[in-house]
Amino acid sequence: MIGAGLIGYGYWGPNLLRNLARSGRFRVQAVAERQADRLEAARSALPGLAGHLDALELIDRADVDALVIATPVATHFALARRAIERGKHVLVEKPMCRTSAECEELIALATERGVTLMVDHTFLFTGAVHKLRELSSSGALGKISYYDSLRVNLGLFQPDVNVLWDLAPHDFSILDHVIGVEPLHIEATGYCHLNPELPDIAYLTLHCARGLIAHFNLSWMSPAKVRRIAIGGDRRMVVWDDLDREEKIRIYDSGIRVHSEAERLTAMPEYRIGDIHSPRVPNAEALAGVVRHFADVIEARDRPMMSGEHGLRVVRMLEAAQTSLDANLARIRGLLSSAA
Amino acid sequence: MIGAGLIGYGYWGPNLLRNLARSGRFRVQAVAERQADRLEAARSALPGLAGHLDALELIDRADVDALVIATPVATHFALARRAIERGKHVLVEKPMCRTSAECEELIALATERGVTLMVDHTFLFTGAVHKLRELSSSGALGKISYYDSLRVNLGLFQPDVNVLWDLAPHDFSILDHVIGVEPLHIEATGYCHLNPELPDIAYLTLHCARGLIAHFNLSWMSPAKVRRIAIGGDRRMVVWDDLDREEKIRIYDSGIRVHSEAERLTAMPEYRIGDIHSPRVPNAEALAGVVRHFADVIEARDRPMMSGEHGLRVVRMLEAAQTSLDANLARIRGLLSSAA
Amino acid sequence: MIGAGLIGYGYWGPNLLRNLARSGRFRVQAVAERQADRLEAARSALPGLAGHLDALELIDRADVDALVIATPVATHFALARRAIERGKHVLVEKPMCRTSAECEELIALATERGVTLMVDHTFLFTGAVHKLRELSSSGALGKISYYDSLRVNLGLFQPDVNVLWDLAPHDFSILDHVIGVEPLHIEATGYCHLNPELPDIAYLTLHCARGLIAHFNLSWMSPAKVRRIAIGGDRRMVVWDDLDREEKIRIYDSGIRVHSEAERLTAMPEYRIGDIHSPRVPNAEALAGVVRHFADVIEARDRPMMSGEHGLRVVRMLEAAQTSLDANLARIRGLLSSAA
Amino acid sequence: MIGAGLIGYGYWGPNLLRNLARSGRFRVQAVAERQADRLEAARSALPGLAGHLDALELIDRADVDALVIATPVATHFALARRAIERGKHVLVEKPMCRTSAECEELIALATERGVTLMVDHTFLFTGAVHKLRELSSSGALGKISYYDSLRVNLGLFQPDVNVLWDLAPHDFSILDHVIGVEPLHIEATGYCHLNPELPDIAYLTLHCARGLIAHFNLSWMSPAKVRRIAIGGDRRMVVWDDLDREEKIRIYDSGIRVHSEAERLTAMPEYRIGDIHSPRVPNAEALAGVVRHFADVIEARDRPMMSGEHGLRVVRMLEAAQTSLDANLARIRGLLSSAA
């Protein structure tokens, strides 16, 4: 059993605590949380747990070898650095840090100290993403042409992130894990309806190598929650509707045969419309798999599936998208003022 | 009864012919169509119909007062101009013309000759759009923040249009008719997977006055057909799923109270999540309404709901989107070549 | 081309006329219809058609070799008998006749005169039923345990039939064609809410050989239209939702291994829950296939798929169900009076 | 805080324990469970809990005033009687007992001893049933004509109940609570596919006063889980789809005006088809409400909403349905043997 400590007991903390306790791999020694009532809630959920108002005390505990950091993103870097410096293994919530520079520093430090650094992109441990990766890597989809995500809901606005940093990490992480490409160019636009500093709607387009185009429609302003991702290849296309109870994944046995460069200008594309196949997707809680994997890689001194490098690539995409979004928002603001 | 002639008997022609014949308002005298077998098909569908391989002969017929033009878009301008010059009323398929200059010339000419010029944006005569306009203009939605359209299918590639000119006219027309705003700025991006000259995926974002943002996801590469439009206001939001048999329109009694400028920086937005209401939407064929309206405005010398000016505004948006799309495609092409 | 005549131009008549005219196999000579305005409607739909107010005149026409009978069920027998006696081929709407005795007489007469007698159970020519029959006869479903149909809508009450005779012929015909079993026992119950003589809700249970149980929930009182049929076997189960645009047929790769008699009392059943497969079901109009088949069997002097014997088996089930329904309704009426 | 004990820690036990512990109204002192490993599971879920292998020991504990019985139905009577005799309050799982005689004896005993006797028909505390009762009792539905339930799944066969006793208690309880009628006559049929003694499919029809007909389609053999209840009145009709995430309840503003007895034979019924309204249904866990209500009625010495009498009425319906089912199964078995 690995001695573990949890920092942060907000929205996601209770899920982490429950899964750590049930895993049979970690002995959770203590939790750190600034708000006394939340700290009390953690302690009553797991009798015998030590409580700290100050996270640094927890990091320094001798009976803690692994730290799980579930605090606001602005604090990830400092807490993770301290933990790694003390030789502790770290599982940090997504997004990994505020900047790619911070991510790079943590990665270097973890390598130097020989500890595990893992980012909790929970979605990668769902049955649906596992199936998507299998479809992609086996060649079942053929050459992939597009990734299209509609990820909207009536947002619980978080005080320290905008809609991009709230919702895009899921898609960036899935894109990196399932298709494994890095974008050559990112365009982002959107709008701030409610708080002039905080975009609540964002549209992103990523242009990648080999003609892959990825598009994300992200919104905190939709009363109907939608989680719909379509991935199209020239052999098959797949739609993942995460809110569909019975058929989360639909594989369309339809493709568009892409003609050779020579044929292209003369021939019409050929369509094939066929059956739909909906594979059974296991319903196990993804976070249980994350926690198990964290224990596995610590013990085997292995490289985690959701490594610091993976987290870094996600943050790099967030940075690029934010830069484009800022430029566009400034331009729009200018147009709107001159129109008014 | 108004003497009518139909030019073009391709995909949409049979629907126009059937509705003209059934309307009880038009006596269809003749059809013009270049392909002899299609012309024959038209004549056997409506016994007694005269047939012309040359549209100009049809335009010049003395027994024809109104012309319905359902040919490829590149021919709209020349045919409509000739008809108006001969003093005939014109109903032309969408999009109205290839350029806004052509649209403007037709509008001026029709005014000068005192004939009706109408554009067949059929969707405006559906029960669903009628309901959306009512919701928008009555204030039931409140101040409108966004319009979001997912309009994708496995495309029947048309030889002379790209995905933008094929699918966006619907949304531009609905946006103009239902909300009545003109965009200040249009951003478009996309990709050409199958034919290097013909985008098959396009993403558009329109920035309009008063903070309205409109976004269209258009694709010919989706095996699952989707027609989903969401419009969000600060009082209510509405989702129109045109393929839902039972509940085409869902009105969400949810809103986000937008705080005043002063409050914005401090206060959190307030959400209200409530009931869903699905009004009955009549199922009548929209094209029958279009044909009836065309007869009405001819006889009353009235201004049509889908006027030349409406058609012009749609074409202006298409032009602006195409300009942005071209620029983006060129930039992406450059990035991809240097990456290769 | 076979000379054809249509008797009856009510709800279904226009569809028959259109498909006969388009088939390229029949020359429709005349239509007979008692109501002058409906007769006029038929003649304007197909210019050149002769019209008769008296069906007997039509039957006697020398240029008519095949008759299509689409009148109320009470008139089927007399009209079909007369036609067969005159040596004409007959396609009669479902249900075939009011009684099995009438059906038997028509079958004998048609055999004697060597003419085709076919019943228009249109559903059998849909892609969905074709697929179900294939699944059943190929053994893909295994041993079939149940057939369960939910067939409800807000009824267009017909003056001369109750909900049983309106809706059950579809299920009886499908059951006979797809599974091919005859019931050993039929139980029916229901209620007359609107007209004390006319059941508007009926529940039927058919017990068949080899443990197959079939159940039909039929109603004219449901605001939500449902057409859902489930067929369960020990290898696979299938759900046919006729109103689902994209996935009409879902095949569940789930089964329950039925234990041998000896094992049954001790062992627990074994479940297998697997993938869902939704085969593409062609969307062609079923009635076009019916009309084509009618021409084929006339010309080949072949036995039709929807023979008089098939129609007879359906009417026998209707009779048995009606007998049980009458007995139950009488019993319930007695209970309600004594309770009042 | 009321001292409480839980008897039985099988499928439902963990949910009861969690809700009792969280309620803030009960101090859970002990759990009784025959299987040692399950007992251990209970004790590790709530540290400090006493464990008994023998339920009678738990019943006799001085620190326990209220007992929650979640054992197989065959044991409910003996355990509840013992508890009531010792002056303890009892919450017993549904169905209340095996026979109505047992129910009656418990009711009489609880009245005599002045203790609370409540049956856990959890569904009555869902937001959906609350809404249905409100619609029914406010007259919004008008005079109710039918109740129609499709409740099917791939059954977890329970060793000691058949599909009727497993699934019908939900519908019987809802029918009693929402509409409040008792059946005059119950017909039941079905089949035993897997175990000759245990029906796995059952169809029930209840005929009630004032023309209400209720029908339940219950099955353990359906790979697609369905929970769909329709209730039709002459003013409005409602469909409750418990698996629909967004719109559990749909109210159809459609009705059928029932004509007076005199009009009935001549007039056609009048239909009104209107809008659909989907009220927001709170998502709170129903069992938390059950536990809270149990505490409330104990403290207020009030009558529980789910009283012994309610449980008794449900068991009476189960008995009547079982009698009819037995008779029908015997008849079918005879027919199948003679047919073989």
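All chains are identified by letter, namely A, B, C and D, in their written order; residue positions are counted from 1 within each chain.
In this section, a contact is a pair of C-beta atoms (placed from the backbone, for glycine too) under 8 Å apart; a residue touches a chain by one contact, two chains touch by 3 or more.
Keep in mind it's a predicted model, so treat the numbers as computed, not measured.
K.L.:
Pick out whichever of the two, B-C or A-C, is joined by more C-beta pairs in contact.
P.N.:
A-C
K.L.:
Using C-alpha centres only, name the chain that sits farthest from chain A.
P.N.:
It is C whose centre lies farthest from that of chain A.
K.L.:
Can you check how far apart chain A and chain C are, centre to centre, with Cα atoms defining each centre and the answer in Å?
P.N.:
54
K.L.:
Please tell me the distance, in whole Å, between the geometric centres of chain B and chain C computed from their C-alpha atoms.
P.N.:
Those two chain centres are 42 Å apart.
K.L.:
Can you list every residue of chain D that touches 2 or more other chains, as numbers and ranges?
P.N.:
In chain D, residues 224, 246, 273 touch at least two other chains, as defined above.
K.L.:
Okay, in this complex, where on chain B does chain D touch?
P.N.:
246-247, 273-280
K.L.:
Which of the residues in chain A come into contact with chain B in the complex?
P.N.:
145-146, 148, 150, 154, 157, 159, 184-185, 187, 189-191, 193-197, 201, 203, 205, 207, 209, 211, 213, 215, 217, 219, 221-224, 230, 232, 237, 239, 250, 252, 254, 256, 258-259, 261, 264-265, 268-269, 271, 273, 328, 331-332, 335-336, 339-340
K.L.:
So in the complex, the part of chain A that touches chain D is made up of which residues?
P.N.:
47-48, 224-225, 243, 245-246
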